[in-house]
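Across the two complexes that follow, chain A remains constant while its partner is chain B and subsequently chain C.
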Partner chain A sequence: MNADEAAEALPRLALASLILPALAVTLLTFLWPLLRLAGYAFHEGAPGGAIGADWTLVTWAKVLGDGWHHRLVLNSLALAATVTALTLAAAYPLALAVHRSPPRWRNTLVIVFVSPLLLSAVVRSYGWLPILGDQGVVPGLLRSAGIEPPPLLFNGTGVVVGLVEILMPYAILSLLAGFGRVAGDLEDAAASLGAPPFTVFRRVILPLSAPGILLGGLLTFVLTVGSFVTPKLLGGGRVPLIATEIHDQAIVTLDWPVAAVLSLVTLLLFGVLLGAYGRVIRRVEEAIG
Partner chain B sequence: MPYPTTHWAGRLGFGLLVAVLAAYLLAPVILVFPMSLSADTALSWPPSGWSLRWYAALASDRGMVEALRNSLLLGAVVTAVCLLIAVPAAVALVRGRLAPLALLLTLPLLLPSIVLGLGLLIVFVRFGLVGSWPGLVAAHLLVTLPYALRVLETALRALPPGVEEAAASLGARPLAVTLRVTLPLAAPGIAAAAILVFLVSFDEVVITLFVAGPHLTTLPVALYHHVESRTDPLAAAVSALLVLVTLVSVLALERLVGLRRAVGGGGS
Partner chain C sequence: MPPMPETLTLDRLEKRFGTAPPAVAALSLTVGAGEMLGLLGPSGCGKTTVLRMIAGLAAATSGRILVGGRDITRQPAHGRGMGLVFQNYALFPHMSAAANIAFGLQMRRLSARDIRDRTRRALDLVRLGPLAERRPKQLSGGQQQRVALARALVIEPNVLLLDEPLSNLDATLRADMLAEIRDLQRRLGITAVFVTHDQSEALAVCDRIAVLRGGRLEQVGTPREIHDRPASRFVAGFVGRVNQLPAHRAADGSLSVHGHALPGDSADGRAGTVQLLVRPHHIRLDAPATAVPDGDRLRVGGVLRDRIFLGDRTTLTVMVGPTPVSVEWQGSDPPAALAPGDPVALSWRRTDMSVFPEDDPP
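Coming up: the complex of A and B.
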């Protein structure tokens, strides 16, 4: 396919008119709201969702000088680190199983493990209530084993359990993309040279799948920081995070400048993470060639 | 046999681990079905008896029924409008070298929905769009457009090379080539994009939570508010419904283009 010829087939003007509606939607529903939001961060909140007329850094000073908000950021980062580690650990064996399965099974397994991703987070969070709730499956099992169950719901435990499950499909997809370069004959070669299975895993499979692990880790971390449905429903208001605070300030307190500053802080965090990911992935790619 | 040297005990252990993790991943989704058939008023397991009472309760819950109708209608409208916008855009992205624009158009997928929702709320309030049909459609276009573009771009790039050139060299004008050769060949990709857009719209909750109003809401948002305030099996009946719609769509997606290609994640 000759790209130059194809590009010639449609003149510039035609191209522009084809893409214009999509650009208009992005401009009106994405760029403009984002700019307005950024503008709100530099105003002072007034009662009832109104804002002061003057440009000011008062709201930034208020948010950044408040220990409560520091705690929210730390809570979000700590939760994201925990969820990321557990999600990768839980997703890795499943991705490996898919990767090693016979080709006629592979598609079915991918569907089973990945399709929950398309289901609403509300449904997937709600699904944990009859499992972790006081009258639920897990406490029932624990009681029949003679153990008095600790509260598993409406606290940090419930949020971690739910988020790990909800984010697993993303990690599985990322890991599968990374496994693409782990060729089966490479494993066989290592094994036939006498390497025990665990050594093959540690010295061959794991390093080669590092890019997938990094991508899955980034996705999981970022999605956890941005998540708020699961922390709300499974945390029962006891797991305050930066995302839940943005929602509360926007919908309940109606202090939009504060919500806007917190949003920009979140975006800044995302930017830093993305930058760090870019640096690390380049090193890894160089190392494994 | 990928691992001729692996000991059988190691394989058994790995198999068990995979089974446990798969159960963990799928349990909440599967459990809503038996839960929705519970005869109890509270979420307890196992239920003391089975009944269809929560489906009856759902059918007579006017708020939920209206929310379901809204979700179906919104999904249909968003799918139609989104494809009308996305198909030409995808053609332009594939034909022209517009990489910076392509990045801009997918950017909404990379940012947290909660920030997008707040931005829309701030803009919508000024124009009275909160809790309105145009507002909901615009908000869902924002979320669905990147998905549609990705699926359509992949589908258009995968077309057999040379067919379009052949049509052009036989004298077909560019517009005719696009309408009579490119689009029919890309039909499965377009159908897949339609299903994915409907599904994303039908299941969207975070952004909708910001821009829906007390008089106009969607099923996932109604479910969210219900679960927030009460824990009864009614929500299980709604969830079962949502799972079924999603499952049917996923199977259709798989048939048309393959699920992995549709939801992204690279490599195939």
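Coming up: the complex of A and C.
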């Protein structure tokens, strides 16, 4: 009896039981806290971090009816769109260079480009202070070029710059994962058929790398919406976002029900986003064969 | 109508990678207008590098490439107008068969109507009309190969370059495709370079064959010249099957093989150990008693060791001293009375034999 037959002989139930440990861990560490969170959302917060005993929709009405929270969501979406576009623009050429490099170089290059992940985002965010700060490197360079630098820190610009830098390794990795169809001989074929380099890029490389762009885009977008350390440090409290608001409500104001409602709204947002990504990626995969 | 075919000339073409010995060294070759030249050699001999330099996908270190007398050595690939067929076809996976073929025409900014008409004709040329809208992955290997061929031909290239185009097909398909490529190339009268490591492909379809070895040209000639009059032991061994018999050459040019004296060849060459090269199908095998003396033939004796029936022919192995010699017997059965262990007489025409000094490396 070989292994396949052995597997078939096992009752389905016995096979299903093999996933029980993983299922148990997931339930305990992910689903249970999530349900608790959902529970908080249907209570009312009381002063001093207490949570009301009654089940109520008051918190939902309060949060959803408040224009401030609408602005937070729009801010987060706008920031995520900007950061995603800039991160992809910065990461794409690097990822393409890694993909096209000879195999013996490729691993080394991947390690080089991903190594920033070894440093915490907190440290890397602080690193931008002496670079973008008023007396920092970039304003200094601008001044010596005769340009009065605009404020680059403690506003949207600083947050965008910091997030782009922090998210680039993720973008490069996911772009590389989606570059499987981009092959050198296709570029050679297009060139031999008369396509100049930019046309090769537009007609062959770009369409074939679409799965990588989509994956990298999704990841960057989601990570931006969820980020709060970098916006706090580089935004200086002047860039209100949904993630920073959740943090403040949970840690500073101690209004857990409000934090829970905002979290669930964000979760819903991600669900919609994932669904859209699934539909688009399926059509793209079909289109590029 | 396709344009008039043009000659392709390689003039002392050289490719070096770093300080290593050149991958292609001082290669000079001319491919006549409308001729199909085979670039034949083992893997790593530089044949694909030569093709990539012709196509403009690799830069020549030195030397020149001319098409119809025009120097194109410094022209980028997209300006050369060469039709290239890749070993793995390199079809664009995101485009239909028709769109793959139309790509080169779009690059030439033809009118939409011209593009449609010429794409349609190219599809018909390779008998893929009904599959025009299929994606490459919905096509079989042979169909993909024909799309690749149509894509390269539809742009009416100066030169058609084929890089091992058959190596990914199974044996029966390969023979069909070989005939189809040959037929198309002749019909369109296009100048072509066919890179292959398979000598039977090269012999079958090429007007002339250039044998490369370690980046150098070993011999160039018609398939028959290459096969029947190899310039070196390497060519003899690489093109077709060949027996190598060590022999001794005396000062007067006479040869001896394991005690059998053979009348000398023209007394050029030095005395010493030599290798006699004879192809299996050039050797006649007789029982010693029935062997008729023939002044034109060289004769040695041996002992039959083995016979293998292959349907349309029989391969026999005969030991001449310690050296096994294979003999190919075409058509009807060889004398049935001959059994392993029997003495036999081998003979071949003097003109079918090549003699190379021992120090000419195989």
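Definition applied: the second predicted complex is superposed on the first by the 260 of 289 C-alpha atoms of A that agree within 3 Å, B and C clash if a C-alpha of one lies under 4 Å from a C-alpha of the other, contacts with A are read in each partner's own complex, and residues count from 1 in each chain.
Convention: a contact is a pair of C-beta atoms (placed from the backbone, for glycine too) under 8 Å apart; a residue touches a chain by one contact, two chains touch by 3 or more.
The structure displayed is predicted, hence computed values, not measured ones.
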First (chain B), second (chain C), both or neither touched by A:W128: first
First, second, both or neither for A:A287, with chain B first and chain C second: second
First (chain B), second (chain C), both or neither touched by A:G52: neither
First (chain B), second (chain C), both or neither touched by A:T199: second
First, second, both or neither for A:A191, with chain B first and chain C second: both
A:A14 touches, of chain B and chain C: first, second, both or neither? first
Chain A: partner with more touched residues, chain B or chain C: B
Which superposed partner A:P151 touches (first chain B, second chain C, both, neither): neither
Contacts of A:P207 with chain B and chain C, given as first, second, both or neither: second
Set of chain A residues, in rising order, touched by both chain B and chain C: 188, 191-192, 197
Footprint of chain A on chain B - complex, ascending: 2-7, 10, 14, 17-18, 21-22, 24-29, 31-32, 35, 42-46, 84-86, 88-89, 91-93, 95-98, 101, 104-105, 107-108, 110-123, 125, 138-139, 141-142, 145, 149, 161-162, 164-165, 168, 174, 177, 199-200, 203-206, 209-210, 220, 223-224, 227-228, 231, 235-236, 239, 242-243, 246-247, 249-251, 254, 258-260, 263-267
Chain A - residues contacting chain B, complex: 1-3, 5-7, 9-10, 12, 14-16, 18-19, 21-23, 25-26, 28-30, 32-34, 36-37, 40, 49, 90, 93-94, 97, 100, 107, 110-131, 133, 135-137, 140, 162, 165, 168-170, 173-174, 176-177, 180, 184, 187-188, 191-192, 197, 222, 225-226, 228-229, 232-233, 243, 246-247, 250-251, 256, 259-260, 263, 266-267, 270
Complex contact set, residues of chain C against chain A: 55-57, 76-84, 86, 88, 90-95, 103-104, 107-108, 135-137, 151-152, 155
Of all residues in chain A, those that touch chain C in their complex: 181, 183, 185-186, 188-197, 199, 203-204, 207-208, 287-289
